[in-house]
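Reading through the structure tokens given below for one structure.
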Amino acid sequence: MTASLWVTRLIAGRIASAVFTLFLVSLAVFAVSLLMGGDAAEAILGQSATPEALAGLRASMHLDQPAPQRYLGWLIGLLHGDPGTSLVTGRPIGGMIAPRLANSLLLAGLTALVSVPVALTLGILAAVKRGGTFDRVVGIATIGIVSVPEFLIATVAVLIFAVTLHWLPALSSLRDVDSIYELLRVFALPVMSLACVTVAQMIRMTRAAVCDALTSSYVEAARLKGVPPRRLVLGHALPNAIGPIANAVALSLSALLGGVIVIEVIFNYPGVARLMVDAVATRDMPLVQTVAMIFSASYLVLVTTADIVAILANPRLRHQ
Amino acid sequence: GLPVARTPIKGGRLRVATATSSTADTLDPAKQGIATDYCRGAMFYDGLTVIDEHSRPQMALAEAIETRDAREWTIKLRPGVRFHDGTALTARDVVYSLRRHLDPAVGSKARVFAQQMTEVRAIGTDQVRITLSGPNADLPIILAIPHFLIVRADTTDFRLANGTGPFRCREFDPGIRSVGVRNDDYWGTHAHLGEVEIFSIADDSARVNALMSGDIDLINEINPRIINQLKRAGFGVLESPSGGYTDLVIRVDQGHGRHPDFVTAMKLLMNRETMRDAIFRGYAKIANDQPIPPSSPYFNPTVPKRPFDPERAGFLFRKAGLAGATIPIVTSTAANKSDDIAVVMQDAARHAGIKFDIRRVPADGYWTSSWMKVPVGFGNVNARPTPDIIFTQFFSSTAPWNESGWKDARFDRLLLLARGDTDESRRRQIYGEMQQMVHDHSGIGIPLFVSSLDAYGPKVRGLRPMPGAGLMGYRFASHVWLDGA
Amino acid sequence: MTALVRLSGLQIAACKDGGVTSIVRDIDLCVEAGEVLALIGESGSGKTTIALALLGYARPGCRITGGEIEVAGHRIDRMDEAALRTLRGRVVAYVAQSAAAAFNPMLTIMRQVIEPALVHGLMDRAAAETKARGLFRALALPDPDTVGDRYPHQVSGGQLQRLMAAMALITDPALVIFDEPTTALDVTTQIEVLKAFKTVVRDLGTTAVYVSHDLAVVAQIADRICVLRGGTVQEQGKADQILHAPAHAYSRALVGAAAPRVPAEPIAMPPPAPGEAPLLELRDIVAGYGGLDANGRPKACILDKVSLTIRRGRTLGVIGESGSGKSTLARVVAGLHSAAQGYVNLNGVPLASRIADRSREDLRRVQLVFQNADTALNPAMRVGQTVGRPLTFFHGLRGRTRAAEVARLFDLVRLPAAIADRLPGELSGGQKQRVNLARALAARPDLLLCDEVTSALDPVVAEAVLDLLVDLRRELGVAYMFITHDIERVRAIADDVMVLYGGCQMELADARALGSGPHHPYSRLLMASVPHLKAGWLETTMDPFAPVPGQAGATADGCRFFSRCALAMPGTCDLVRPASLVADDRLIACHRELAEL
Amino acid sequence: MRRPRIALAVGATLVGAALLSALVGPLLAPHSIGAVVDLDVFSPSSAAFPLGTDYLGRDVLSRVLTATRYTVFISFVATMIAASVGIFFGLAAASGSWLDMVLSRLFDIVIAIPSLMFGLVVITSLGASIPVLIGTLAVVYTPGAFRTARALALNVAALDFITVARSRGEGLSYIVLREILPNLIGPLAADFGLRFVFVALLLSGLSFLGLGVQPPYADLGALVRENIAGLGFGAPAVLFPALALASLTVGLNLTIDTLTGGRKATR
């Protein structure tokens, strides 16, 4: 079998398994949503739910259909690219999600743009100076930062940069952005807060991967060739750490898409995480399911991408 | 000093952040449920009547409302009113707007009120006849509740609002934001503001920080602890004393609540002063386990104040055979500050020889799965414009939200009597007696009437407290202006 | 002539847990320009440590604590890291023990080979690449123009070792250090690599330090030999003198271990009862990796119709070069790998092909002993525990009885009982291999599958382990399948020998008959490849890999050895699989007549 | 070497202080944890209230002392469960292909179910109690531990001594627990340290949802959260719980790092 065909097969296999997982996830999410108790009708009526009002509203939302039928309807729609309409707003779900997803991707993308280089630089430096003061300081600082709750980091940042200094806006509404400068101003605080959360883990994992590579015998051999330290790290150790680093970055980024609810709330940023919370609160199940699918799809896309990067970066796998 | 604008300035854009909003945000008056919805409703729609600062109904889209027996009402519509799309307001629109609440598929929150209206009928294009199932002198006030805002006939799509209100809806994105622009063809007093943007920031401190950083102009539901800080920094605080309360709900039809001594003892455990000072920092009025606030004309001052008396409570618990027992109490952030109220009571309970086991449950689903279902829990009631409404909804035997399950035939009779009576002094007397009954017998403990607290930026002018709710009873947009300075 | 390399009073110590232990003491050495000095000694004697000191390098945890190091006029012991960097790879170059580990798997070979020239700014890329290709040619590497574009895993171990030498030589260093460059290779590959090294060293006039534990190898290449033991020099002298008239007792032991072994006395076993099935019988085993094709053969077919029998208490030696399928054979028997075709009988009863389907009793009877004791012992488990586990697992022993049995086993493999509390990391290579053996014996097996159990050991220790195996066989009556690429070892221990090439059985013969009578051409090649303890042997022996001119590859159905066979008959051998010629004590798969072989 | 010893001393001191406070802290608390003792709120440090008072006028010192017990105890047990389950299955997955397939899918699904939904389901079906809380935290963090352990074990599972054990016919649990696990103690301990941090933080997140420690008690993260309004005027009520949490987690990780000889892979 030719190398490229083999790699194509390998990658196709990964993708197929991701798609299968996605299907299982849809089943699981639906099952969990049944267990959750309450439905959209109850959520809409809230304090004013009376039995006959409930029954009427349920009928009008087709909530009186049996669960498997609702699931199948939703799944078939999804396969045709139509996730259906929201029970609560009556709007098409695709249209509700699309702009929010774009927002979330923008925020996650900017955060990645900031945190990945920072994390890689610090992680690599710590690995190079492992055991030294710099390494220890980075190690303690990263643990210190992750153990501060993110809402505290975000609030402190707002208090300093928005309330006291008036340098940056406290909110990150997207509408008034018309220049790169504005964009930077608007995103500075949320990106900084998010980066604090993600950077720590990436630093630790990068450091571990580079450390592994640096203690290998090919690095020792390169050192005995007279290769200078910088080249030793960048030219010899780093290529071998790409796989684990890609994995670390993927995991951190997937956390960014799904786990930023606090940041979205504090900076009033309209992303998918808030949509998800809303959808769960209002028991808007088609919306919940679709957003959950997007979360797990993005998780799987990232993890699978990391796998594929690792495969492509490794000549051993590339030219089996 | 700085020149202070005495006369309102036209134009400008006001940015408002409320505490809650979600994809369930709606422009359908029937479905409105949170402050953000009510604010939007008040901007884009009008009701037939509106409640003024003395809790009296004033005519809005109705020019006159007449009745002889408080049962059959004739409403004459104001001429020359136009919807935002340019069509004229007719009786058909009013009939549609009132009758749609009866359709369960609409999911109206005012269905119980609409069900009183056995007939709603257009008489020509400018008159509507409403027939009630029984006499109710409060109909003009009922018509003022936000769910009865008037929409154009046959409207089913509420993606944008087509009302008659002082603002037109330019943008509405549920859970994100809405924008209203001034309606220059408005039939009544024109608003000052050119534009209002409403969105929400759920996090309390983020909301305050956004205000203090100058990003927004007006916020609601502020934490009373930061009022001094806000004032020092030059921000305004609007306190609106209201009849809203968070109440301890003891089911008298199940568990320990069946024992009247237990109920009384629980009420005696409420250290109302501490609650007022510690939890609300003074921005609340002490209440007396009945729902009519002192600001109401029907308030009965002769009901004896219930003291904080852990000793007597302890005696009553022992009498009920509960010495040393552990009482589970369900709280939730859904019932505003119920956690803190429960904690303060919990501390007092130790002195009464009883243990409270506080079970905090998620706000999500609280109203359907916990409220009125657990033996001891909490409820949260917004101010209601009339005693009739609050007694009907929360205390009569057939009330949909009879929180404590307390039923009293005499109370029900008195309610009907007062409702059909147009004589104010007789009503005051009847309502007074009903307050005493609730205080004595129902399973509801009302510690405090809580003030709404809003805060606003240095440029915002024209805010004043209105009864019932903060943000000027949700109608700030029609009154506020921005100082151009 | 002045010495190019001078070591005097070299001391190197390891710092561990606060304590300092001396690794190497009072080393005085010198190497003249153009001379090859061999450092020889058992594993752990400090050879690598001294070699690295010549680069001014001490492995992490170790420190050069005293002495003078001078190379080409540079006082290495006085230089700082930056100065050393300009020296390493340019003045002194190093060829590591395991080239497979020393090449970065992510970079192409050419990039790594020319790197020393580039980092020292000696030439530009194009010039370096041209020079590298010249070296590839000089080192007799196949495809010298394109081999540089491959990645390390795409070339064989022997080729990598030569590529590593090219990398060392590209800067024309004053001194090259070869650290056991052939130890990890099989005999045929070893010859090839040795030849290439010798040619280059001679042609370039390179000064070299050659580290090895194999005297026979050293005899081919060294001018002078230095014998080390326990971190001190035992004896130094001209190669001839050490090889033929060793003065020190340890040197004599080394020379003795390298001499050809007398075949073991055959062990008298009771003759098999009539009708008694052989202990192990394999019939037409086909095994490999990847899915099966339409004919039920694996995509990568590693074993092709292999049949053998081992009787109770007998030893079958399996030999063949690397990749010939020896380990796969052992794995099939052990149930770690399922055969695609054929069957395995134990005592005449078919064995299930997978472990999960085998009875515990069947598992007990067949025990596998791995080649590399380093990886075969759990580094986190005390060795007493390791040996005790089969006792519990198969025989239900616990507590004191188990401890007693463990002590007996340690005694059996000549290990002190006190060792039971140690972790594998605290044992020497030979000790580890004995533990490995003790664990297999603990099961009280009928058959031991020994997969290259002595390859990783130095000759003195390997001798001891072999002796032990012979003793055990006599004492316990176990049967062995003894897998190795070293034909000398097989001769010493086996009753029968099977020669594998490319997964096909080339010859099956009585061990004592090896070296006399007809043999398969491949068997002859193997026997000829064993280095002799005699200078100049390398020059006289044939090149095992040189394809016979004009002979291309065979078809899939042809003889696997076709392209390397001097006796091949094109038109027959490349097209048809040979049948076995049967003589009284041997089976030979060849198209030639017995008389021709 | 001197530095690791200092690090170990600092780490052990911090962990020791947290443990001590978890064990006897509530006994040392000068005030009852739920009692409103100050008319003012968010008051600064004073002789009567060394760490000031909180948003209701309760003594912060008493609350921090008690909260430490919950954070330490709950996070530790939950992390322990998550780590044990995740590690066992991670190691098991690394030694069997179909098992790997099944377990990987299963844990992918657990990751995919939004934790908000999951939390709600748990509360509605099981109610809120400390065992349920611990279980929930454990479930949320098991997949991560699984992934880490699996990645680490894949390297070990390929080694010969595992093959030796398998060829002996050893069962899965012996191979996982006795052969693979002891070789991964270092990196797994480092992973445990980091996971402990995440668990401690999620704990406060869940208490927001109603699943957490029930009033008047709280965990450290919840103390930070409920007093966040005091941040604007630097109230000790928000600073000290945050500090206590950070020093606990930093101390734990410092100890683990130095004991296991440096931070190795935490993949």
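First chain written, first letter: the chains are A, B, C and D, and each begins at residue 1.
The definition used in the following text is that contacts are C-beta pairs under 8 Å (C-beta built on N, C-alpha and C of every residue); 3 or more make two chains touch, one makes a residue touch a chain.
Predicted, not measured: the structure shown is a model, and the values here were computed from it.
**Q** Looking at chain pairs A-B and A-C, which one is connected by more C-beta pairs in contact?
**A** Greater number of contacting C-beta pairs: A-B.
**Q** Let me have the rounded angstrom distance from the C-alpha centre of subunit A over to the C-alpha centre of subunit B, please.
**A** Computed value for the inter-centroid distance: 40 Å.
**Q** Round to the nearest whole Å and give the separation of the Cα centres of subunit B and subunit C.
**A** So the centre of subunit B lies 87 Å away from the centre of subunit C.
**Q** Please compute the C-alpha centroid of subunit A, do the same for subunit C, then give the distance between them in whole Å.
**A** Here subunit A and subunit C have centroids separated by 49 Å.
**Q** Just give me the whole-number Å value for how far the CA centre of subunit A lies from that of subunit D.
**A** 22
**Q** Provide the list of subunit C residues touching at least two other chains, using ranges where the numbers run on.
**A** Within subunit C, no residue contacts more than one other chain.
**Q** Please set out, as single numbers or ranges, the residues of subunit D touching at least two other chains.
**A** 120, 124, 228, 231-232, in rising order.
**Q** What residues in subunit A touch two or more of the other chains?
**A** As it turns out, subunit A has residues touching two or more other chains at 37, 151, 155, 159, 163, 277, 280.
**Q** What topology does the chain touch graph have (line, ring, star, complete, other)?
**A** Looks like something else, not a line, ring, star or complete graph.
**Q** By the touch definition up top, name every chain pair that qualifies.
**A** A-B, A-C, A-D, B-D, C-D
**Q** Would you tell me which residues of subunit B are touching subunit A in their complex?
**A** Against subunit A, the touching part of subunit B is residues 17, 22-24, 26, 31, 33, 103-105, 107-112, 159, 173-177, 199-203, 205-206, 209-210, 212-216, 364-365, 367-369, 371, 400-401.
**Q** Help me check something: in the complex, which residues belonging to subunit D touch subunit B?
**A** Where subunit D meets subunit B, its residues are 32, 34-36, 39, 41-42, 55-57, 119-120, 123-124, 127-128, 207, 209-212, 214-216, 228-233.
**Q** Show me the residue ranges of subunit B that touch subunit D in the complex, using the header's touch definition.
**A** The contact residues of subunit B facing subunit D are 204-205, 208-209, 223, 225-226, 229, 274, 277-279, 281, 331-333, 339-340, 342-344, 346-347, 350, 357-365, 369.
**Q** Looking at the complex, which residues from subunit D come into contact with subunit C?
**A** Result: residues 159-161, 163-164, 166-170, 178-179, 182-183, 185 of subunit D touch subunit C.
**Q** Considering the complex alone, what residue numbers of subunit A touch subunit B?
**A** 37-38, 41-50, 52-57, 59-60, 86, 88-89, 91, 96, 151, 154-155, 158-159, 162-163, 166, 169-171, 173, 262, 265-268, 270, 274-275, 277-282, 284, 287
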